[in-house]
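Please go over the structures that come below.
Next, two complexes with subunit A in common: one pairs it with subunit B, the other with subunit C.
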Partner chain A sequence: MNRLTEMTALLHIRNLKTYFFGDDGTVPAVDGIDFSIGKGETLALVGESGCGKSLTSLSVMGLVPGTGRIVEGEVLLEGENLVEKTEEELSRIRGNEISMIFQEPMTSLNPVLTVGEQIMEGLLLHQRLSRQAARERAVQMLKLVGFPRAEAIMDEYPHQLSGGMRQRAMIAMAVACNPRLLIADEPTTALDVTIQAQILDLMRDVKEKLSTSILLITHDLGVVAEMAERVVVMYAGKVVEEAEVQDLFDQPAHPYTEGLIRSVPSLDEEKERLYSIEGNVPSPDRLPKGCPFAPRCSEAWEKCLQKEPELMEIGHGRRVRCFLYDPEEGGSR
Partner chain B sequence: MYQYILRRVLIFIPMLFLISVLLFTLVQLAPGDAFTGQLDPNQDARYYEEMRERFGLDKSPVEQYLMWGKNFLQGELGISFRHKLPVSELIGDRIGNTIFLGICAYILTYTLAIPLGIFSAQRPYSKWDYTLTGAAFVGISMPSFFAGLLLIFLFSFTLDWFPFSGTVTAGAGLGGMEAFIDKLHHVILPAITLSIINIAQYTRFTRSSVLAAKQQDFVRTAYAKGVPASVVLRKHVLRNALLPLVTLFGLDMGILLSGAVITETIFSWPGIGQLLVEAIINRDYPIMMAVTMLASFFVLLGNLVADILYAVVDPRIRYE
Partner chain C sequence: MSEKDLLEVKELCKYFPVRGGLFKRVVGHVRAVDQVSFTVRKGETFGLVGESGCGKSTTGRTLLRLLKPTEGRVLFEGEDVARLSRMRLRKLRRDMQMVFQDPYASLNPTMTVGQLLEEPMKIHGMYGNRERKRMVEELMDTVGLDTGYAQRYPHEFSGGQRQRIGIARALALRPKLIIADEPVSALDVSIQSQVLNLMEDLQAQFSLTYIFISHDLSVVKHIAERIGVMYLGRMAEIAPKKKLYTCPAHPYTEALLSAVPVPNPSLKRERIVLQGDTPSPANPPQGCPFHIRCPKVFDRCRGERPELLQIGEDHYVACHLYDKESRSKVV
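Let's turn to the complex of A and B:
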């Protein structure tokens, strides 16, 4: 697939910057990211904890927490800029056109409301259905996500369900209004491995049936390989690489992506120690000069410590932010 | 659930028995008796002997307890040494005043503390929040005898807005609505005195509870569903944040109904708290025993109500 133009893209994020304004100064947690999601596409947003991937999704939703604020950029949902919308306009989009599921199914449901009540809430709000119709639709959704006894689940409370069942209920809740985009923020991280596979299958299934686009946020490359069509790799608040999933695994372009892929344990190789990238993700309020990955990069040279590379197109719809691909700066790839 | 309630009510019996033994022992341990304070040099000593005999005070403590217990079980609370009237009648005359004062304090507490707490939590670390925090600390630190005197000084003596004693204007002969308004006029200062600490505490409690609930993941889920902020507050935040207050509601019931000893005394409010203080001073055993047993019963009942209410409002709690 070629890079999506604004016309074919469902969601187009352009130069998005979300900063936190604390007592100790400004923290550029998301610092100028660009990417698009096509209709019906699953895009994975990958990176270590603290790289700004969750904040990116919350920025799309208009739910930036605390002292955070979108300072620049556009979030275009089929050409409409969500950044300029009022809170009231956004609340009509959230849960209706874009919805979100979260990492912690144990705490993401309200403990004192029935599962049915929580699924119906969005339907009553956005689709203006009668209670009866909303209930029917909610039951239908619970069946879609694989509850055989959907009617009974409607009147149960979250604490009566297991983690996997809660995540199913969350998915039912998120897709109840048939959103165009589903943002899944680490949807399987808190679940058992066997349940993880079921939830991923379910998400794929739901996507097929409802032709929803998915923005999948994860740090698990196994999940990426299984789910995504395209991958955006983030590091320290910026996009460092973007590629088709197959290309990314076959031939990672950025040294950081390479490191991530090498860190995945493999059964084929016999190794005493697992590979890990040296060092830690820099805190966004103390970014090094030059390329933020340079201090941890085995390929870095002087240039990398002085100047930050731009995101460059390298063919095949791939983009990478690394001097290795810039002959003018002495790149050799 | 019904079994649970029944079991809890049955446990009242041994608990009240133990409380009665403890109370009786404490009363006996105090030196002197009801007639010690009345010694009159002109009175023949034999008179006191006779009186002690008449009220059974010459018997051994165990015999006295058994006598009291037997009467108590038959619903016979005894005759006050001092008032020479049946204790049940004395309590009956005053319990209404105590309940009225308790309910007024209750209403004041909850109608002020919850909105103030929510108001504070909606704008944390703002000027308003700090002001209310300061006020709450003053309220919590103020003992009721001091708060009562301060209110009397300000609003009765200085401003003359409210009366400082009694439940009605003496000899006004009011009826109907006017009588009720007169009673409300009298209850305001004692009710404020009685509720001031609770208002302060519950304001703080509501504030931190609401603030904590706002940070919960399910609140973020609600926003992600497109629920407007006002509905998120009402339906998701408050529903969870105010659950623990329900427990306090039950516990307070026990305490408020058992008579506000200090407040009733300061405002000469003829309730059972004041009756108890007077009985202790006069060593009027039948009143002491009856009022404290009643208070114990209310506290036990309040605890039970708290537990039941909690199960009613929180689906996660079920009693087997």
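Let's turn to the complex of A and C:
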């Protein structure tokens, strides 16, 4: 697929910068992110802890926590810049046009409201349905996410449900208003493998039925391979690679992506010894000079320690941030 | 118990009482571990896998007698850990150590790394003062920590480094067996492979035996030689790695393996999606604990609990499908 144009894309993120302003100085947690999501597409945002993947999604939702602030950039939802919206305007978009599911459903569901009330809340608020109509729609949603006794679940409280059921309820809530974009932040990380399989199946199913675009945030390359069409890899607050899922796994371009893929043990192959990337993920307030991955990179040369590479197009809709692909800087690939 | 076995677990049970009512009387039991038997050979890595609440961690803790077993025997080099006196137990614990999932929660935050590593040797009265300090440096070196960091506190380290401290601490007493409970689950992918490689190196260097407890079937496949699969407090299947991953016998193992997402988008696999959730171990189903979710269930499963049967070399399974008696009835 070629790069998404204004016409086909649902969401454009342009040079997004979200910084934290603390007593010890400024932390550039998200530092100039660019990517787009097509209509009905599932895009995976991959990276390790602290790379800024979750903060990117919170910035899209206008939910940057604490001392953080979006300092630059645009988040365009079909041409409308969400960064410039007021809180009031945003609250009309959140839960309606963009909604989110989180890793830990118990902490993001309200424990004193029934499941039904929580699903109906958005419908009453955004769609201005009558209570009767909202209830009907909520039951319909619960059936969609696979609750056979949806009517009974409506009147139950989150603590009465198991982890997998809570995540189903949260998905029902998130898609009740038929959003154009669903952001799923580590939606199956807290779940057991057999329950994870159920939830991933359900997300695919819901996406097909409602033709929602999904921004899937995960650290699990297995989940990426199964769910995503396109992948954006983040490292230290920046995009380091973007590719179609098949290309990414077949031939990772960035040394970091390559290292990640090679270091995961997999069920379908036997590795004598796991590849490992040297060193640790750098903290965003103490980034090294030059390419932030250079100190851990097996391919790095002097250039990489001095100057930071730009994100470059390398054809077939791929982008990579690495001097290896820049002949002018001595790149050889 | 044969020559090459280090640990033999026989019908191990750990029940936790459930109290209720006005006088907090015992009204029932959670059967966290229920009649689990397996052996661990010298120098091997035995993987213990299962989903949350299956009893794999409780099994690990009961083996070390961090929890007192309700019933059953744990023979470590022929001695029954479950029945040892306090004195003998303390001696034995030198040989059996544990590595925990969250190294931060298991390291005392007010102690420096040097003190943390020296403490077990002090408690067991090993070496003289100066010798111990030298040992601490050696340990840090062994697990790949800069010896200059001995005066630092746990919070000054990253997750992967903390897990190295946890491993060094377990190594301090030169144990024979290390029980590692989800040792890499809290770590990032790139750090996970560093720690797994370290554990393999140490195993070769000190001829260690590992019991590796994990929910991650890909990690266990990489590190273990034989694997036990637990479900609801019971052992469902025990098999050598190759057999378990190529031809799983128990329907639960089969479903579990098919559910693991594989980082390879061109691989399209037949997936068995199990219906429903794992039942509570406080109220397990009659008969086979898996029967309510099992795609291959038949009458006998509902009433009778399957015993662990040997179906091949080193291959054991608790499923009526493999019992000749019931097979003749079904087919």
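Just so it is clear, the second predicted complex is superposed on the first by the 325 of 333 C-alpha atoms of A that agree within 3 Å, B and C clash if a C-alpha of one lies under 4 Å from a C-alpha of the other, contacts with A are read in each partner's own complex, and residues count from 1 in each chain.
In this section, contacts are C-beta pairs under 8 Å (C-beta built on N, C-alpha and C of every residue); 3 or more make two chains touch, one makes a residue touch a chain.
Bear in mind that the values here come from a model prediction, so they are computed numbers and not experimental data.
The superposition on subunit A brings subunit B alongside subunit C with room for both.
When both complexes are overlaid on chain A, the residue A:H254 reaches neither subunit B nor subunit C.
Of the two partner chains placed by the overlay, only subunit B lies in contact with A:H159; subunit C stays clear of it.
The partner of subunit A that touches more of its residues, comparing subunit B with subunit C, is C.
Contacts of A:K207 after superposition: neither subunit B nor subunit C is touched. Legend: residue contacts after superposition of the two complexes on their common chain; A:L125 is shown touching subunit B, with no touch to subunit C.
Once the two complexes are laid over each other on the shared chain, residue contacts for A:R168 go to neither subunit B nor subunit C.
After overlaying the two complexes on the shared chain, residue contacts for A:D268 are found with subunit C alone; subunit B is out of touch. Geometry note, superposition on chain A: angle between subunit B and subunit C about the Cα centre of subunit A is 70 degrees, to the nearest 10. Applying the stated contact rule after C-alpha superposition, one finds that A:H12 touches neither subunit B nor subunit C.
This overlay, made by fitting chain A, leaves subunit B and subunit C with a least C-alpha separation of 7 Å.
Across the two superposed structures, the residue set of subunit A contacted by subunit B and also by subunit C is empty.
Subunit C meets subunit A in the complex at residues 51-52, 158, 160-161, 188-194, 196-197, 200, 215, 217-219, 221-223, 245, 255-267, 271, 273-274, 277-278. Contact residues on subunit B toward subunit A in their complex (touch as defined above): 216-218, 220-229, 235-236, 239-240, 243, 313-316.
Residues of subunit A that touch subunit B in their complex: 61, 63, 87-88, 90-96, 99-100, 102, 104, 107-114, 121-122, 125-126, 157, 159, 170, 173-174. Residue ranges on subunit A touching subunit C, taken from their complex, read 48-49, 162, 164-165, 192-198, 200-201, 219-226, 245-246, 249-250, 259-261, 263-268, 271, 273-277, 280-281.
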